[in-house]
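The same chain A turns up in both complexes below, where it pairs with chain B and then with chain C.
For the complex of A and B:
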């Protein structure tokens, strides 16, 4: 990166570190932080919409639909989330390939599961065997996003379902008295009001989602955990210009600090958001705000 | 059927190193998968119960510390809770493992800490202490003022007041949330062998064996549902157990006020 980095052996401590921390592999390490942020930015809205759909389904008056919604909420509860992560990554991949196989190769007659193998025709492979490296990486990242969304969608559905039930019933009766249909009541009265009840749960969920991002490592993504392990390991002068002993502890300490900072910032922002949403609401938070103004 | 009994004898205690040394490598039967994953559950139960019991004591201390008026007691408790609640357990496992690894180089006393049974247990202990500490702290703050005043009126103070009035009330108020924490702690134990801690001689937990089968057969639709079955079973057991304790904690209340433990699982981690 810097011009003086040509011969690392001759450098002082400070300059050595400035060269070491800006070399090529470290750039990949920093890029993996971006991956985490992208994952969060994509997963959060998708999971929220999954959750909204789940909560709507659970409220439905049609029994199969409400069972589906309640089942979706319930199933993710009793089972560890990493089990779901490990399961969905393979299951989704095989599901996609199976569907493509049915469409693209209708005259294939060999069974797909042969003993310990899962074989689809080469056209149905995802991504195609000939695809460049970045397509493979994007595809596995895409699978990870869907997996995260399904699991956290169930949590969000639980929170939103609770929020919908917390809206005072009188509000809904009033809407009915005004002659609104069920659909109108839902969209015009229930949905605008439920957010303030759901927000504590949702902000908790956001913090949980942040803390779940290192699990990307288990899904085979080259994320921050992968690079911290990789870069921290002992390096001898035979393989690199920057030999160092086992520093993995320090790399993980850095990750720990990163997550602590991220959590703290999120907490502060969410607290502000809660204050804003509580304005004029008939909740204890809203009442406290009113008193502040009048006092 | 006969084969299955043989399999259970071979692999039933495999996860703690008793029985057949070699794991099955091909043509897995359903029985083998059930037995090995079930055998791995022993690790999850071990971690869960040990961390919960030891963590309970520290959690009480942390809750009292966090509500202390003395800032030299309050601040460390606050920081401890923030440190363990604000960072991912997965990263905590990694950090602790590499920390123990480098401590081991300076002092062979730390040898045992790099193996899962002790090292991971310590992390889980500290982690659950922080989470339950926060729950207990919340409960401490919502103890009805009248209860404490009544204790004062009876001439109870200091340790006696804490032991006989404040602590039982705190537990009673915190119990539903604490049940939730116990369930999530139990689920979090599956992370141990997926972070840095090595599964020595392939003696791992339930998820370790489930993913072993899924990797070998490339078929996730059998081992993971088996794992889910075991976990749901054990979750129900925890709910039942904590429900019993809840009834006991609330036994003095008039019948109408007695609330059954209504389980509304909230994600607390």
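For the complex of A and C:
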């Protein structure tokens, strides 16, 4: 990075660290922070929409749809995350490849499962075997987003379902008395009011999601915990220009600060959101706001 | 329209051919000198050089992929990459699940490292999960503590959780040398396994054949021996021209 980095052994402490902290592996470490933040930014809205769909399905008056919604919530919430992550991602990946195999290679006669091996024709591989490494990484990132969204969507569905039921029934009856259809009542009366009931549960989920990102490594994505472990490990002078003893404690301490800072910022934002949503609501929070204005 | 279909078919075919030539090489990247991540963030080490040379000789385009040791075999059989080249010794247990090429590194010595010369290697011994060494410790009557990464096995000895660590000697040598006398070899070296080979899927006979051929040619012209000496020192066990193991 800097011109004086050619011979790190001869450098003073400050310059040594400025070289060490800007070498190639550290860039990968910093990049992994971006990865985690992007994952959160993409997963949160997707999981919320999964949750919303799940909650709507669970409330449906059509029985198969309602069973589907309730089944989704119950099954995903019941299965341990780690089992879900290990099993589901491989199954999803193999499912995609199996479908592509059926479409793209109809005249392939060898069995797909040979003992332990899962074999599809090379055209059906996802991503293609010849694709550059970044395509593979993007693909596993995409699998990670889907998996996280399904898991957290189920929890969000349960929270939203509860939020929808918490809206005072009198509100819905009044809407009906005004002649609103079921759909109008849902979108104009129920949905705008339910967020304030759902937000405490959703904010919990968000914080759990932040802490669940190290599960990424199970999916083959090199996340911040992987790099902290890799970079902090003992390095001997034969294999690096920057030998150092076991520094994992410092790297993990840095992660601790990062996670704590991130949750603190989230709390502040969520608190503001809560105030915003409470305006004009028939809750204690809304009541307090009303008194502030009149006083 | 016909032309379009023909060109598409031709494209698909040529793409298929190009694909068959790209081989994804799975490694752990945490076991110097066999494989590690260098300062630039790339896979480096003895196996990187051997792997690249094998690919050149076999006419393959190769791409390196990092994977955790724990899940390195499951990800091979499910097709996430095509070879394992990660210091994996050939054992009958692994051979039931995957196939190995011939060895590209002779059976290596494993050794005990402890924080004091009088450490009891029958007591609590650390080893990496799912390795030959872990199996050996379990059979030796000592209490085995397993860790996911090699780094953690060393840390366990430093902080007293284990009285010794048992691992490949070539991995331990640089660590002992730079520990300022805090760590030392104890007990006798143990020869384990039947050499290190490239792991491939059992159904991938063609790739196995190509790699075997390339390894044979590297053994015959002495280039494999040169690489072993470069990464493991002059005293390392190498190969003769006929592929036999030579002690130096």
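Keep in mind that, in the parts below, the second predicted complex is superposed on the first by the 293 of 295 C-alpha atoms of A that agree within 3 Å, B and C clash if a C-alpha of one lies under 4 Å from a C-alpha of the other, contacts with A are read in each partner's own complex, and residues count from 1 in each chain.
The definition used in the following text is that contacts are C-beta pairs under 8 Å (C-beta built on N, C-alpha and C of every residue); 3 or more make two chains touch, one makes a residue touch a chain.
Source: prediction; values computed, not measured.
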Just checking: does A:118 make contact with chain B only, chain C only, both, or neither of them? Give me first, second, both or neither.
both
First (chain B), second (chain C), both or neither: which does A:208 touch?
first
Touch check for A:243: first (chain B), second (chain C), both, or neither?
second
Quick one: is A:168 in contact with chain B, with chain C, with both, or with neither? Answer first, second, both or neither.
neither
Touching partner for A:82 - first (chain B), second (chain C), both, neither:
first
Please indicate which partner A:233 is in contact with in the superposed arrangement: first for chain B, second for chain C, both, or neither.
second
Partner chain in contact with A:23 - chain B first, chain C second, else both or neither:
second
For A:222 in the superposed arrangement: first (chain B), second (chain C), both or neither?
second
First (chain B), second (chain C), both or neither touched by A:128:
second
Overlapping contact positions on chain A, where the chain C interface meets the chain B interface:
90, 94, 115-118, 217-218, 229, 246, 248
Of all residues in chain C, those that touch chain A in their complex:
12, 15-16, 18-24, 29-30, 32-33, 36-42, 44-45, 61, 63, 65-68, 71, 74-75, 77-80, 82, 97-98, 149, 151, 154-155, 158, 174-175, 177-178, 201-203
In their shared complex, at which residues does chain A touch chain B?
77-83, 86-87, 90-91, 94, 113, 115-118, 155, 158, 162, 201, 204-205, 208, 210-215, 217-218, 225, 228-229, 232, 246, 248-249, 252-253, 255-256, 259-260, 263-264
In the complex, the residues of chain B that touch chain A are 26, 82-83, 86-92, 94-95, 98-99, 101-102, 183, 187-188, 190-191, 194, 207, 210-211, 214, 216-221, 224, 227-228, 231-232, 235-236, 264-269
Can you name the residues of chain A that touch chain C in the complex?
23-25, 27-28, 90, 93-94, 97, 114-120, 122-123, 125, 128-130, 132-133, 136, 217-218, 220, 222, 229-230, 233-234, 236-243, 246, 248
